[in-house]
Amino acid sequence: MDWKHLELELIVLRRDFHKYPESAWTEFRASAIIASYLNRLGYRQLSLGLDNIDPQSVMGRPDEAEIDRQIERAKAQLPESCADGADFIDKMQRYPGVVGVLNTGKDGPVISLRFDIDCVDVNETVLPEHRPNKECFASVNARLDHACGHDAHTAIGLGLAKSLIEKKDELRGEIRLIFQPGEEGCRGAYAMTQKGVVDGSDYFLSLHIGTGVPSGSFALNSHGHLCTTKFDACFTGRAAHAAGAPQEGKNALLAAATAAISLHAIAPHSEGSMRVNVGALSAGTGRNVIADHAVMKAETRGETQDIADYVYKRACEVINGAAAMYETEAEIIKMGSATDADGDAALAERVGAVIRKSDLFGSILNDVPATGSEDATWMMRRVQEQGGQALYMVLGSDITAPHHNGSFDIDENAMINGVRALDIIVDELAK
Amino acid sequence: MDWKHLELELIVLRRDFHKYPESAWTEFRASAIIASYLNRLGYRQLSLGLDNIDPQSVMGRPDEAEIDRQIERAKAQLPESCADGADFIDKMQRYPGVVGVLNTGKDGPVISLRFDIDCVDVNETVLPEHRPNKECFASVNARLDHACGHDAHTAIGLGLAKSLIEKKDELRGEIRLIFQPGEEGCRGAYAMTQKGVVDGSDYFLSLHIGTGVPSGSFALNSHGHLCTTKFDACFTGRAAHAAGAPQEGKNALLAAATAAISLHAIAPHSEGSMRVNVGALSAGTGRNVIADHAVMKAETRGETQDIADYVYKRACEVINGAAAMYETEAEIIKMGSATDADGDAALAERVGAVIRKSDLFGSILNDVPATGSEDATWMMRRVQEQGGQALYMVLGSDITAPHHNGSFDIDENAMINGVRALDIIVDELAK
Amino acid sequence: MDWKHLELELIVLRRDFHKYPESAWTEFRASAIIASYLNRLGYRQLSLGLDNIDPQSVMGRPDEAEIDRQIERAKAQLPESCADGADFIDKMQRYPGVVGVLNTGKDGPVISLRFDIDCVDVNETVLPEHRPNKECFASVNARLDHACGHDAHTAIGLGLAKSLIEKKDELRGEIRLIFQPGEEGCRGAYAMTQKGVVDGSDYFLSLHIGTGVPSGSFALNSHGHLCTTKFDACFTGRAAHAAGAPQEGKNALLAAATAAISLHAIAPHSEGSMRVNVGALSAGTGRNVIADHAVMKAETRGETQDIADYVYKRACEVINGAAAMYETEAEIIKMGSATDADGDAALAERVGAVIRKSDLFGSILNDVPATGSEDATWMMRRVQEQGGQALYMVLGSDITAPHHNGSFDIDENAMINGVRALDIIVDELAK
Amino acid sequence: MDWKHLELELIVLRRDFHKYPESAWTEFRASAIIASYLNRLGYRQLSLGLDNIDPQSVMGRPDEAEIDRQIERAKAQLPESCADGADFIDKMQRYPGVVGVLNTGKDGPVISLRFDIDCVDVNETVLPEHRPNKECFASVNARLDHACGHDAHTAIGLGLAKSLIEKKDELRGEIRLIFQPGEEGCRGAYAMTQKGVVDGSDYFLSLHIGTGVPSGSFALNSHGHLCTTKFDACFTGRAAHAAGAPQEGKNALLAAATAAISLHAIAPHSEGSMRVNVGALSAGTGRNVIADHAVMKAETRGETQDIADYVYKRACEVINGAAAMYETEAEIIKMGSATDADGDAALAERVGAVIRKSDLFGSILNDVPATGSEDATWMMRRVQEQGGQALYMVLGSDITAPHHNGSFDIDENAMINGVRALDIIVDELAK
């Protein structure tokens, strides 16, 4: 493997993804480029879009008109070099995401690796010192920015696809490269898991760049992801003239306000921390009209799945009760969800041994605390429930601003050792 | 009829009722004295207690232990002169109230007259200038006071019983003298009406003393009584240690608090005024325990029965929704109710003609606005629905303080003309 | 006066205003056309824009960037025939509105007539049967529609200007034609009144078309306008990550929700009806961020100014208290206001006499109840406080849909008799 | 020392305290017996009642009428054997509690030991199998029960007083035996600390019986007591007839309800757990009267003093803001408070060494988690701030029911080793 050349290729790939960021469930351009790239490498077992998704389990997907617009934009933004991209998009059946399988034809373990490909819904900074601005790969899509590093994850996934297929004959078993849409808001992993994309895996691996770990370091086991449910609650009442016929109204604004306060008053749990937040509320239209609709964006979190289930159940009771108080109807729509699977210590030890031997990193961390929620936990939990082992690692990279901030940028030179580390780990597991 | 002698007797009777006031549904002593008096006069058709009450329709009655205590007290406070009082109490079957019927044996109209007999739950003033204190007939029952004038109503009812039976032979038809328990809080009339005590009446009459009309005046038609429902809402949750296991609790205090606020936020009605009040709220016990119970005393009112129904329906929705928000159970118990029947103008005119001719009063008022709610409206409405006519009159009397105030006292000399007015009216209707 | 010709001119004028509707405080095109028209007629005493406005008293005006955009649009939409329009706009100093004074030079009363010129913020229907669509004068400005008839009021005002100046020599005293911006939302009259535009008037007249009065009828005295205050309440808190540092947040969403519920729970007033409505609430942005801002659009109303003052005072207390509960700051911005002045019966009688004599209308109504709030009441009250007389009349017109509905249209043939009626009334008052 | 005899004496003492339990700030009988006992032993340096209390810092004390009643009862319940008890009570100046000082006259450390003497406000069970019932020492004071073991603490304190004075000549320095009122509800320690009773101490020791540690065990260092503030919030508004003049009311019930909900909605803290509870709420009187008063019993807790301060500060803001919303006044009265001082590891080690050597206990535990809040923490913190060391230990005892339950009873045989352990520790520290 020519690692020197791959180092450059990773940067080119990452910058291309960075320039054309796509939000959850609309990563059609990225998926097309991934499919085209894997196809060119010789991955014949490719499954696209809806083939990897259980549509009943999808959360937080835009409406069909928006999907139409995004497919159109994706096609328009495809590079000339990706001649087969539009065809791949058509095969996706309106859902992004790609799974490429490397079947060695020899008995051996099934190893699944997950790379998330979506961006964040923030504006990228226009400050000239921001490297994407200086070097002309800043986002061209308004209000969208790869401010979480998934552009690097995607590039690393493609780099690994290349290194693995070159040494296919040395490997055993089956390797699945899962390019997942919609990690932001915890929207995509659950629907892929329910479709079965990690079923039968002996090992599951995922990795995140940055998150506080500096360049030159590698963390074996990021644990403590918070269980969470993201949801919208929509209240539907009946409008009426507030002075002329107030008794005719069914006040969705007051129902939502009542719910919002009591949601924050859900009793704490003695077995661990939990959170509730109603982050946004929008209700009504005219000043002199009783509001007939209200929408709140909310989320619940818990240190364990039990606590998270408790607080979400209570949230639903609060919302439905408040709706009933005002004769309104409430609909609760799940917009995202993550659970709290932890990595396997045995796998962390085994991975740690080979990574240490490799001398790729100046510092190897064992356990590092997670910094939020992550929906790869659904895949980890599924694999663990089926008897396999799972690990969520962190590839160190200096960052220029916190994740999700418009000034966020990574250390691009860190990417190559991410590929090499995964290459070594697969080697160890599939030898 | 010796009106001079009756004038004194009314004062004696009234002072006796005043000294031994009894609250709604516990007027056993008063009922015994009424029954004994009517019996002595020769009223053979007496129905007592439960015989006049539909128990399913009873509202705001104390629990059985309290009824036991009150029966015991009533018997203990009976005057020696009322030797048959205790027997009458036993025949009441734990419900007070008396209906005495004067059947003339001749064809003619059925005339029902209603007198309310209960007191108010306030302490009578101890100020020496208050006449009941000066002249030794102040309430001897703690926290109970005839501060609304029902002691006078009862005395007037008995006086009328006497005057009518003396001239029985001149009358036609049937005259019912209804001594009703529980007017305060609008608790008693509905259950009597449901039992049928006014069914078949051609005329229904009631009268109130005072209410702003001065001595020497008489008002023919007091109208505009507000429809109201009095109710308690009891929330039952589950206690839990607030620090040790808050998630185990079901917070009845927060459910009640949430309900209280939104009850006051029920939208106004464009067709007339309405009121909601949560007058009292009591919840929880220990500071560090999640409250497992809460009780609120509330009332709804409306200018018309439709508006009252609207606001009561909304109140129930608010309470049940708030209970559900906190996983608690709510029970709504009706404690009282009144509707909005208005007197018949034709009857007012007819009554006005004879009262004017009588020269009993210096001033005759036609319509006067009602000053609150009154459950005789249930009887008025029933009679009117069956084709009869009804009238709610006011007997003028100077008063020393507002009704329901511990310093309230009436002008006792006003009573005799109340009897004479009713006597004349019955004469007119039953001649 | 050639009334036949004027009838047609009114229709042409009204259709032009209808096609280019302008919202409160942005009626620059309409004001330019009015000024140009009056100027052409010979009105030399014209005062424009800011000269008629007390800027401290302005309510509900858009921000300066929006004013810029609207001035630009107004100029672009001026007809070629109005060559001096852009100059007039420049003289307005960023505030619309025109007052034209006809000074007869002879002693006599000061008569002020007010015409409101703004449109409503609704979309005009696109249904082909709607006459403005059929006859090509539908609104070309998105989300704006003359759905209240102020296009007709403006045309009538110009028609009256024409008829009056033709018979200037027959008149005495001074006649002020006040073309007021921002009646919708009760935004403009108060600032004009505070500037003194009606000061010194002996008579004040205003008229509305439609409002339930059919074509061929005329109502002398529309009374019972509700006092109202329209206001926005803006809550400013502090954002924080809802899971990572909730204690750092100052939750503007919860402050606003708490305020909204208790605003609706303001106690009713025993002396008359009142209303509170929070019609719209918008708070927060991200689902996982504690909301740092919230804005509610609210209004309070009262049957009398005292009641309106009570409810607005209570509303301010509720908002400020709720803000303090959550460590947030609340700013309350008045967006509009009207009071409850009633027309003078003596003036109504005098006007009624001449209108009846005129035979212009098949039916003359005396008192008609007002259908909402109206800020001409500020002008009426000012004139009455200074000893003058005021009247708010209704010019009957069949309408195709309720006022403020996108399908609203008037009976254009009704306009001419509006001009003639005013002409007769001025004649009567200024002869 | 005759430990065998003392073992029996402890049981007799404890059963006497158990039979006559006294609630916080009313422990006059217990204080009299303690003073009398110490005096008899030869403790000449006794300070009583108010001499040990800073009255400004007192929290949760009953009103003076109740103090009168309790002093009277205490005197009536004194045993004949305590002839000087009534005199001691008179010297207490209406505040209970005793500090006895053993001054050895030799240089050496100051050692303070604290024993809490109050009972819990619960009814003792009447079940016959409950030993206090079987053996005739059940509480004779209604609604009061030594259900937390402070009867044993008091007996142990007296036993220690006896053992120490017997070997006074072997000791150095000064030993303070602090018998504290009002530990329940965290009411008494703060006022003693503020008065300076532990000032100048080199060592501070306290011990609790039971709390989950079984008979035969001893725990050296109970840590993690939650910081807490107990408080009552009183809202004062203005009553008004809810139907007749609602606008005159200032609704204390709604103010309190609004506060209660938002108190529970105070945002969690990222640095540790916290709790808020409104355990009881009582508001208003009459159903048809706007409530003019409301009282809530509430508490806030935090894992650290910083968190506790945060949540108490927020609670005050919520209460005052809600009061202002309804034009009411809120008064917040602290009823109790504890902080979070932890024991000194060095002292625990030193104590552990001598306890282990003693063979008194089958099992010695090091750190055990605290089970709630404890106001000895104020004394610990004061001593530590002044450079001293502090320790809060647990004396194992099987218990028959959870603390604060009416069926709670201890293993009386465990008491003697509590005395012996303290005797050994004092020996170690004061040798």
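Every chain is named by a letter (A, B, C and D) in the order it is written, and numbering of its residues begins at 1.
Keep this in mind: a contact is a pair of C-beta atoms (placed from the backbone, for glycine too) under 8 Å apart; a residue touches a chain by one contact, two chains touch by 3 or more.
Just so it is clear, the structure is predicted and the values come from calculations on it, not from any experiment.
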Between A-D and A-B, the pair joined by more C-beta contacts: A-B
Chain whose Cα centroid lies at the greatest distance from that of subunit A: B
Centre-of-Cα separation between subunit B and subunit A, whole angstrom: 69
Averaged-CA centre spacing for the pair subunit D and subunit A, given as whole angstrom: 53
Multi-partner residues of subunit B (at least 2 other chains): 244, 246, 251, 254, 258, 261-262, 264-265, 267-268, 275, 290
Residue ranges of subunit B touching subunit A (in the complex, touch as defined): 244-247, 249, 251, 254, 258-259, 262, 265, 267-271, 290, 310, 314, 317-318, 320-327
List of subunit B residues in touch with subunit C within their complex: 261-262, 264-265, 267-268, 273-275
Residues of subunit B defined as touching subunit D within the complex: 185, 226, 230, 242-244, 246, 251, 253-254, 256-258, 260-261, 264, 275, 277-291, 294, 297-299, 301, 335, 372-373
